[in-house]
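One structure is given here, and the rest of the page talks about it.
The chains carry the letters A, B, C and D, assigned in the order they are written, with residues numbered from 1 in each.
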C-alpha cells in the first residue's frame, strides 16, 4: 500500500523508541503536543467522566426500583439525572471518539506527522479539563437540577441550584470541541500524504470530517444560548422571561440547533469506526464506498435541518412542525443506506469474530433499532404521545449507548494494540461485548414499553403500574454496569501484562497499521506515498503473497 | 522535541514547524484554520443576531423606541473609524506583502491600533457612560419608565450584549495587533512570510463586518423620523 | 493564491465606497419609506434598505480587504458555508416564530387542508 | 455465569411478570385509535427491518465465517441498482409516513368549533382547572363523555406539559402564552394526567386524574356543591374591582375602547397589523397594554402584570368574550 515498509517490524517494542517511551515524567505528558499523547490524555479524562456519569445512572436505576423511590429524595433524583445527562453528553459522548480515536488516528490514517495545530490541540484538552472542573465543582457543591437541556425559564429564574457553574462548564467545553473540529478539518484538507486522494481516505476520516463540520458550525450556537441563560440568571434581564417579553421557546431553538446535530457528533464517528471494523474482520472492501462516504456528509448537513422535532409539543407552530417532520424523515434515508451497505459488506466475506467485530455487529443491530424507533418521533401524531416519555429515553440510548458507546468500545478494542503495543485477552473481551449487548437490551427495551404506556421521563416517583418494567430495566442496568467494568479491568491489565501486539495484529489495511505499535513520535519514518484505495483486502494479499 | 530534527531533515526555513512538509502547506493550513474560526464566529454572533431578529419582530415598537434613545452620530462616527482601521490593516498587510520596510508595517499597525482604541473610547466614554447616567443599563441601573418599558429593557439588553461582545472582540484584536507590532519590530515579516499578519487581518476585518451590521440594526431600526409608526 | 497583491488604489476605492455607504445608510434612516403588509407579514422598507446596504458593505470588505475575490475555492466554500448555516438557523427558527400566531385565525387551518384531503 | 444468571432472571421475569404488563395504555379518546394504528404500523416496520437486518447478519456470520486464515474473499464492486433500490424503499416509506402522520396531527391539533372550553393553569407543582360555569378543580378534571373538550392552558411560572396518555394528547403549558389541546373522551373511567415537561423538584408529583363521566352525571356534578359564579361573572367582578370599567365604558365614551362586540373580530392595530381579538390578544392587552393599542386611543393603560394571577386573567378574558356576542355601539 505504501513505500514506508521497513524492517522495523522485527524490533521488539520495548527496545524501540516510540511515542510512549520517548520521554518520561508528568511534564512530558502535560506539555506534550503529540496528538497520540493528547489522545491518551483525553482517553483518561473521558473515562473518568464516563464512570461519574455511570455512577449517577446506577443510583437512578436503583432508586426507580420502587414506585415511591427506593433511594433518594426527588430533589436529589433530579440532580442525579441532570448530572448524568450533562456529564455523559458534554463530557463523554461528544468528545468520546473524536478526541481519543480521532486525535490518535486522523494524522496516522492520512499519513501526516501530527495535526495541523498541535499546540491548539493541547489547548483544547486544557479547555476540556477547565470545563470539566467547573461542572464537577457544581456537582460537589450541591449539584444542578435543570436536566442537561437547561430549559428556560426554569434554568434561568426558578432553579435554586448551581446552574451558573454547570453552564459555564458546558460553555467552556464547547470551545474544546470547536478547536478539535477546526484542527481536524484543516488537517484533513491540507496534510494528506501524497496520493491520499479524498476517495482513498478511510471512511473513519470521512466520518471525522462530517463530525467536525457539526463541531464548528453548531457548537458556537449552544455556547451563546447557554451564555444567555447565564446572563438572564445573573441580571434577570428578560431574554427568555415571558414576564418581560422574552420567549422561552427561542432558547429551545438555539439549544436544539446544536443539540440535535450533537447526536450525530456522537453517532457519525461511531459509524466511521464500524466501517473500519466490518471491512477488517470480513477482509473485504466496503460495499459502496462513495455512498457510505457521502451519506456521512448528508447526515451532517441534514442534521442541522431537523431540530424542531424536539419541539412538536412545546408550543411550536403547526406549520414549523410540518416542515421539521418532513426534514426529520430525510435523515433516516442516509442512515438506512449505511446499515444496508455494512450488512452487504459481510456478504461472501471471510468473517472472524474478535471482540471488535462483536461490538461492530452489535452496533449495526442496535443502531437499526434506535434509528427505526426514531421514525416514531419524526411522525408528528405519534410524537405527541411519545415525546417526553421513556420512549424518548429508550430511543436515544439505543443511538447513543447502543450506537455511539458500542462504536467507541469497538474502536478502542480495535486500535488498542496500536495505541499501547499490547494485546488484551480476547476471550474476556468477547465475553464483555456479549454482556454489554445483553445488558443494554435488558435495560432499555423495557423503556420503549414504559414510554408507550405513558410514563414520563424525569420522574422521581411513578404510579405503581409501571413498576415491573422499571425493575426489569434496573436489573438490566446492573448487567450493563458489569459489562462496562470488565473492559476497564483487562485493558488496564494488558497495558502492563499483555503480550506484545506487533504492528498489525488483525491483518488490517490502512496507513496506521504500517507503522510499528506503538508508533514512533513522528508516526512515519518517511511520509508514505499512497497508491491504492482504502480497504484493499483482496488485492493486498495478491501483491504481498 | 523533534522540531529540530525535522527541520534538519527537510532543511527549511525556521518558520516551518515539524508537522508540515512545505511552507505553502503551512500557510494554507493557517489561513484555512482562520477562516474556519471565523465561520464559528459567524455562528457565535449569529445566535445573538437570531435572538435579536426574533425579538425585534415580536416587539417592533419597543425596539424602535429603544433605538431612538441611542445617539446616531456616535454610531456613524464609530462605523467610519472602524472602516479606517480596516483600511490601515489592509495596508499593513500590503506593506509586508510587497516587502516594504518594517517601519512602514509598524506605522500601519499602530495606526490601526489607535483607530481601534478610538472606537472603544467613543463607545465607552460617550455612549455607555451616558447610557448609565440615563439609567438604561438593564440588570444594573435601569430606571427608564416611559412607554414600552419592558421592551425597551429587552432592546438595551441586546444593545449591551451585542456591543459588549463586539468590544470584547475589539480588545482581543488590539492584543493581536500588539503582538504583531512586536513581531514586526523584530523583523519577523518578509514578503515570503507574513501569515500571522494576514490571519490577524482577517480577524480584524471580521470584527469590522460585525459592526457594519450592528450599526443599522441597533441605531437605525424603523428609521429615524418621528416617533416610529 | 493568497500571494495575490491587491493594488493600493483598490483598497482606497473600497475604503471610500464604504464611507459613502455609511453616509447613505444614515441618511436613508431619516426618510420614511413606509411599510407594506402582505398577509401575515410586514415589510419595513427602511430595514430592507439598511440591510441591503450592510450586505453590500460586507461583500466589499470580504471580497477585497479579506482577499476572498483572489482566494482559493476552499476559502470561498468556508465563507459560504458560514452564512448558509446562519441562514438555515434563521429561516427555520422564523418558520416557527413568525407562524405561531396563525393558529388563532380561523382561516389558518384552511391552508393546511391539502394535508387533510389527499 | 453472570450471563446465565441474567438469562434466568430475565426468563423468570418474562414468565412471571410479563403477563400483567399491558402492551398499550387505555385508549379512551377519538384521537387514541388513530395514533395507535400509526404506532403499530411503525412498530411493524421496525420489527420487519430489525428482523431482516439481524437475520441477514446472523446468516452471513455463519455462512461466511472465516474457515482458514489464507482465504481471499472475492472482490465485490458496488452494485448501483441495489443501492438505488435500498435508497428508494426507505424514501417511499418515509414519504407515506410523513403524510399519514401529518394528516393525523393536523386533525388532532384542530379543535372542533363546538368544543366546550376548560381552562388550565399550571403552577409548580399542581394543576388548577376552571370550568366556564365557574367550578374550579385542582389536579382533577371532570369531563363529559363523547363531548369535544378544548383546554386552554397557561403557566404561572415555568414550562409544564399537560399529558393524558389514555387520550394520546399532550401539549406544553407555557408562561406568558396560551396553548391548547382538545379531545373527545370515548370511555368512562379515570385516567392519569401527567406533567410531561420537567418543571423542578415536584415534577413527578404534578399528576392528577381525569374523570370521564356520562353527560348526565357530569351535569349533576357541575351543578352540585355550592353555587358558583361563572368565569365571566367572576371576570365582570374583577373588571369593576380593578377599575377597568372607568376607561372601557360600554357606550364608548371613555379613554379606552368599549369592549362590547370586540371579541373574535379582526381589529387593525396602531402598528398597522390586523389581528383577531382572541385570548392571546386580550391577555397581551392586559399584560403589555402598549403593544396592542387601537388607533385613535392614547397609550395610557397601565400594565396589570403582577397584580392579577393567570386564573384571574382567564376570568377577565371570559368576561370580554361574553361581551363579544353583544352588538357593538359604534365608534
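Here is the rule we go by: a residue touches a chain if its C-beta (ideal position, glycine included) is under 8 Å from a C-beta of that chain, and two chains touch if they have at least 3 such contacts.
Quantities reported herein were computed from a predicted structural model and do not represent experimental measurements.
Interface comparison, A-C versus A-D: the higher count of C-beta contacts falls to A-D. We define each chain's centre as the mean of its Cα atoms; on that basis chain A and chain B are separated by 35 Å.
Here the spacing of chain A and chain D, counted between their Cα centres, is 34 Å. For this pair, chain B with chain C, the centres built from the Cα atoms lie 19 Å apart. Among the residues of chain D, those in touch with two or more other chains are 102, 106, 109, 272, 288. Counting only residues that touch two or more partner chains, chain C has 35, 74, 81-82, 85, 89, 93, 97, 103, 112, 115. For chain A, the set of residues that touch two or more other chains comprises 189, 217, 221, 243, 245, 247, 249-250, 253-254, 315, 318, 322.
If each chain is drawn as a node and touching chains are joined, the picture has every node linked to every other. Taken in their complex, chain A has these residues touching chain C: 189, 213, 217, 221, 247, 249-250, 253-254, 257, 304-305, 307-308, 311, 315-320, 322-324. For chain D in complex with chain C, the touching residues are 99, 102-103, 106-107, 109-110, 272-276, 278-280.
Within the complex, the chain C residues that touch chain B are 1-3, 5-6, 8, 11-12, 14-15, 18-19, 22-23, 25-26, 29-33, 35, 44, 46-47, 50-51, 53-54, 57-58, 61-62, 64-66, 72, 74-75, 78-79, 81-83, 85-86, 89-90, 93-94, 97-98.
Residues 35, 37, 42, 101, 103-106, 109, 112, 115-116, 118 of chain C are the ones that touch chain D when the two sit in their complex.
Per the touch definition, chain A reaches chain B in the complex via residues 22-23, 34, 107, 112-118, 178, 182-183, 185-187, 189-191, 216-221, 223-225, 228, 231, 234-239, 243-247, 250, 253-254, 521-522, 527.
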